[in-house]
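By written order: A, B, C and D. Residues from 1 in each chain.
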Amino acid sequence: MITFEHVSKVYGEGYRPALAEVTLQIDKGDFVFLVGPSGSGKSTFLRLVLKEEKASSGTVQVAGRDVGRLRSWKVPALRREIGVVFQDFRLLTDKSVFENVAFALQVLGRPRHVIAQSVPETLALVGLQGKEKRRPHELSGGEQQRVAIARAFVNRPSLLLADEPTGNLDPETSVGIMKLLDRINRTGTTIVMATHDDDIVDQMRKRVVELRDGRVVRDEDRGVYGSAR
Amino acid sequence: MRLGFVLREMGAGLRRNFTMTLSVVLVTMVSLFFLGLGLLVQQQVSILKGDWYDRVQVSIFLCGEVSGEERCPTGPVTTEQRDALRAQLEASPLVDRVFYESQQEAYDNFLEQYDDALTENVTPDQLPESFRVRLTEPDRYEEIREQFAGQPGVEDVPDQRAILGPLFAAMDGATRVAIGLAALMLLCSVLLVSTTIRLTAFSRRRETSIMRLVGASRALIQLPFVLEGVVASFVGAVLASGALYALVEFGVGRLNDRPDFTTRLVETADVLWPTAPVLVGVGLVFSVVASLLSLRRWLRV
Amino acid sequence: MRLGFVLREMGAGLRRNFTMTLSVVLVTMVSLFFLGLGLLVQQQVSILKGDWYDRVQVSIFLCGEVSGEERCPTGPVTTEQRDALRAQLEASPLVDRVFYESQQEAYDNFLEQYDDALTENVTPDQLPESFRVRLTEPDRYEEIREQFAGQPGVEDVPDQRAILGPLFAAMDGATRVAIGLAALMLLCSVLLVSTTIRLTAFSRRRETSIMRLVGASRALIQLPFVLEGVVASFVGAVLASGALYALVEFGVGRLNDRPDFTTRLVETADVLWPTAPVLVGVGLVFSVVASLLSLRRWLRV
Amino acid sequence: MITFEHVSKVYGEGYRPALAEVTLQIDKGDFVFLVGPSGSGKSTFLRLVLKEEKASSGTVQVAGRDVGRLRSWKVPALRREIGVVFQDFRLLTDKSVFENVAFALQVLGRPRHVIAQSVPETLALVGLQGKEKRRPHELSGGEQQRVAIARAFVNRPSLLLADEPTGNLDPETSVGIMKLLDRINRTGTTIVMATHDDDIVDQMRKRVVELRDGRVVRDEDRGVYGSAR
């Protein structure tokens, strides 16, 4: 699904590299935790997958595409195969839950009847039946993150990226979100999640990739958050 | 579905930055108003030049009883002198047609042109007889003047251009001022369109970032912003055309209606074509260029 | 320390929104240019009116040998008629002074005013003698005209205002157009100043939020924004004054230098005082008002 | 230091109250954790203390001032006695570490020699000696949060508010920040910290106030994060 080969990323002259010689393979259907201290390059890794940034050297392949060589007008097609979730939800505050999720389909020009079918289906999947008409501010943080996940997943992407999706949530709510992501992973969707949340990583026992100063220092199946603790 | 989406996004942008949109509309209006004014004055100049060239006649006044010694040392024109002049004129390749105006005809014209107080004391023999010459190339006016002024029997060949010259100069000056103001204001409106787009891009950065994330195409993301600038400029151009129409209708039109005013002036029809379309075109081109420039910087995919 | 801080913040704001600042400067410049133009035309009108009122004379032309039957049924003016008219004039409270112009004097003036071609055929007795009357109140011109026109021995009392009336009307119209454009553009510049402040507040919201958190006073937070608008408007006003100065110096000044042009016109001194200070004042007032209005909305403590 | 009496906060017509009838006293020198699920009103509580928002009913007293009745021109004086730290650090990216901290003193019009003395002192306290000239992007997340704390503390406020200061930090770095806050607390500064981080709360064993739907549901000295777990 994702292949990094000797990928480095330097944001500018004189900066130290945010990613240094990263080589990594993530297969279809994997659930990978990306851990590491602040500034270790987790978000940079995800941005490279999305082609929000361009690698300084090395090759990045995502879903069979060579991302580095991708023409800019083909980038949207790449992003349609990837769903993304962030710590701060990034919902549109003046749109209802239904509209927020539908937005992702509207901009792709999906016909009305497709939207009328997919959106409620996806909202049911994330456990938000009956809350279609609410505005984001009328929801708890956990529910807002579910809306964000529904939006990322409504287009049935084969890859879901999550950058600290539980960072703003209390532990209880976080567990709920993780269960949801696990369920989505079981449908065959590859999930890569950057996180600081040791409890969650330790509990889920999935593949863990640890970055430190832009280098992969650990890559374990069924790993835990801290290696040296 | 997608068109509706683009239009909704554009409407949201326009509403969100209402003061900015209003500024763009007003500044575009003023800039295009001056541009249009410059174009109309130019049109007026060319109408006047055309009229003048149509009418242009070299008047060759001949010596009469009352002509001074100084100009007519040989006394009143003789029949031979008159015939020689006529022959010379008719032979010249510059001359289209020649009319002869006798003293009596001159007197009749004089009576028509001036009011009683002055004409009461004038008799036909006080007025000079003359040749009125229409030229093949009005531009080469001066050559005829030089050829005939000072010939025996010729009293004077007055230079008519001295009257119209300053008028044309003034109108050319007005055109330059109007075009200059238009350029200055167009610069403003380009700056404003790009600032508006920047502002809109900023205030809608959340929508845009979400659109980018879910894989919307570049055109779909950028179109609402371009359209926003285009709509504002279009409204400005239409308003500017309206203002020019009103100016011509009520300002120039009133002059045109006066019976004693015979010069042909620009009309509302001149505003409708070609001025208004030119303004709309210039407005659109500038706003699209401004949009694309600022989109490059502010809305990369 | 604090002043330096405020100035640094202001400078950062100006630089960060350079295109916006430039728009504010240009639009303010154009708006104040029109305001100044309106003021100068108004000044010109009042100079002309003053000159005209100083010079205004009622001319009462008396019947002569050549006057028509229609206007002078009693034939040329008699000595008694002339004395009666003079007595009537001198008794009138409207009349300041009375001059008598004989036929010979009229002929001398005529010779001076017109060129040879016309004057050669005119003799003194073809021109009318007249009373030239200076009024105590030039406004009540019409009353004198009505009183004397048609009296025996009077040929005509022409209405001089018919000549100047349209000129004044045209200049008043120009003033109105200039002031109207100025108002429109001032509206733009108020919108732009407030948008600029909004933009700056937006782009500097991080600094501002930190300033609020650490307990900076409201004045310290808002001052850089107000100063930013004030500086931009001030530059605009100075540029507008400069443009007017150039216009008067090179446009009007060239007219003034021509020896045949005797009408008194506005001078560069009129631009320096009071026009330029008025423009700077208006620019400052508008920008401060615009700043305060937008600060209320965008920069609460 | 802080007294809330029957304080409610409703953000707008038709919203459910963000805080409902909260009565709470925090004494000088206290260290209080404010916990509770997302949307329970923790940030609202801190905003009321700062007079960023006005209480809908009830009285808020801070450092002897009745905050509800405070004239708006006196608000800056109140804020000078309070330091604030956020999850996202809120540093000025184009200023150096030294300048970021000095900024807080400059806007108060402190003379140059005072700044030249206080800033290095405070930077030493938070453990950033030798990094005065770095820009924020040249620092790790933990170091950036230390700069933010230095800025909040350079004016020696009697009260320090922290809204999820470790939310963006990995567990290791978080522990360092907590030690720093503890040290600051020992100098007599009252600290109120909103957090989701159960490990930290459980480890520090300080006073814990739990909010749920805007109500205080628990207030324990030496408490832990979860009551019902």
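What we mean here is this: contacts are C-beta pairs under 8 Å (C-beta built on N, C-alpha and C of every residue); 3 or more make two chains touch, one makes a residue touch a chain.
The model shown is predicted, which means the values in this text are computed figures rather than measured ones.
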For subunit A and subunit C, chains touching each: B, D
Cα-centroid distance, subunit C relative to subunit D, in whole angstrom: 64
Mean-CA-position distance for subunit D and subunit B (Å): 70
Subunit B and subunit C: spacing of chain centres that average the CA atoms, whole Å: 26
Topology of the chain contact graph, where touching chains are joined (line, ring, star, complete, other): ring
Chain pairs that touch, as defined at the top of this document: A-B, A-D, B-C, C-D
Residues of subunit D defined as touching subunit C within the complex: 50, 72-73, 75-82, 84, 90, 92, 103-104, 106-112, 151, 155
Of subunit B, residues touching subunit A in the complex: 1-2, 5, 206-207, 209-218, 220, 301
Residues on subunit A engaged by subunit D in the complex (per definition of touch): 15, 35-39, 137-138, 140-142, 164, 167-173, 196, 198-199, 225-226
Complex interface listing, subunit B residues touching subunit C: 17, 19-20, 22-23, 26-27, 30, 66, 68, 116-117, 120-122, 126, 156, 173, 181, 184-185, 187-188, 191-192, 194-195, 199, 202, 251
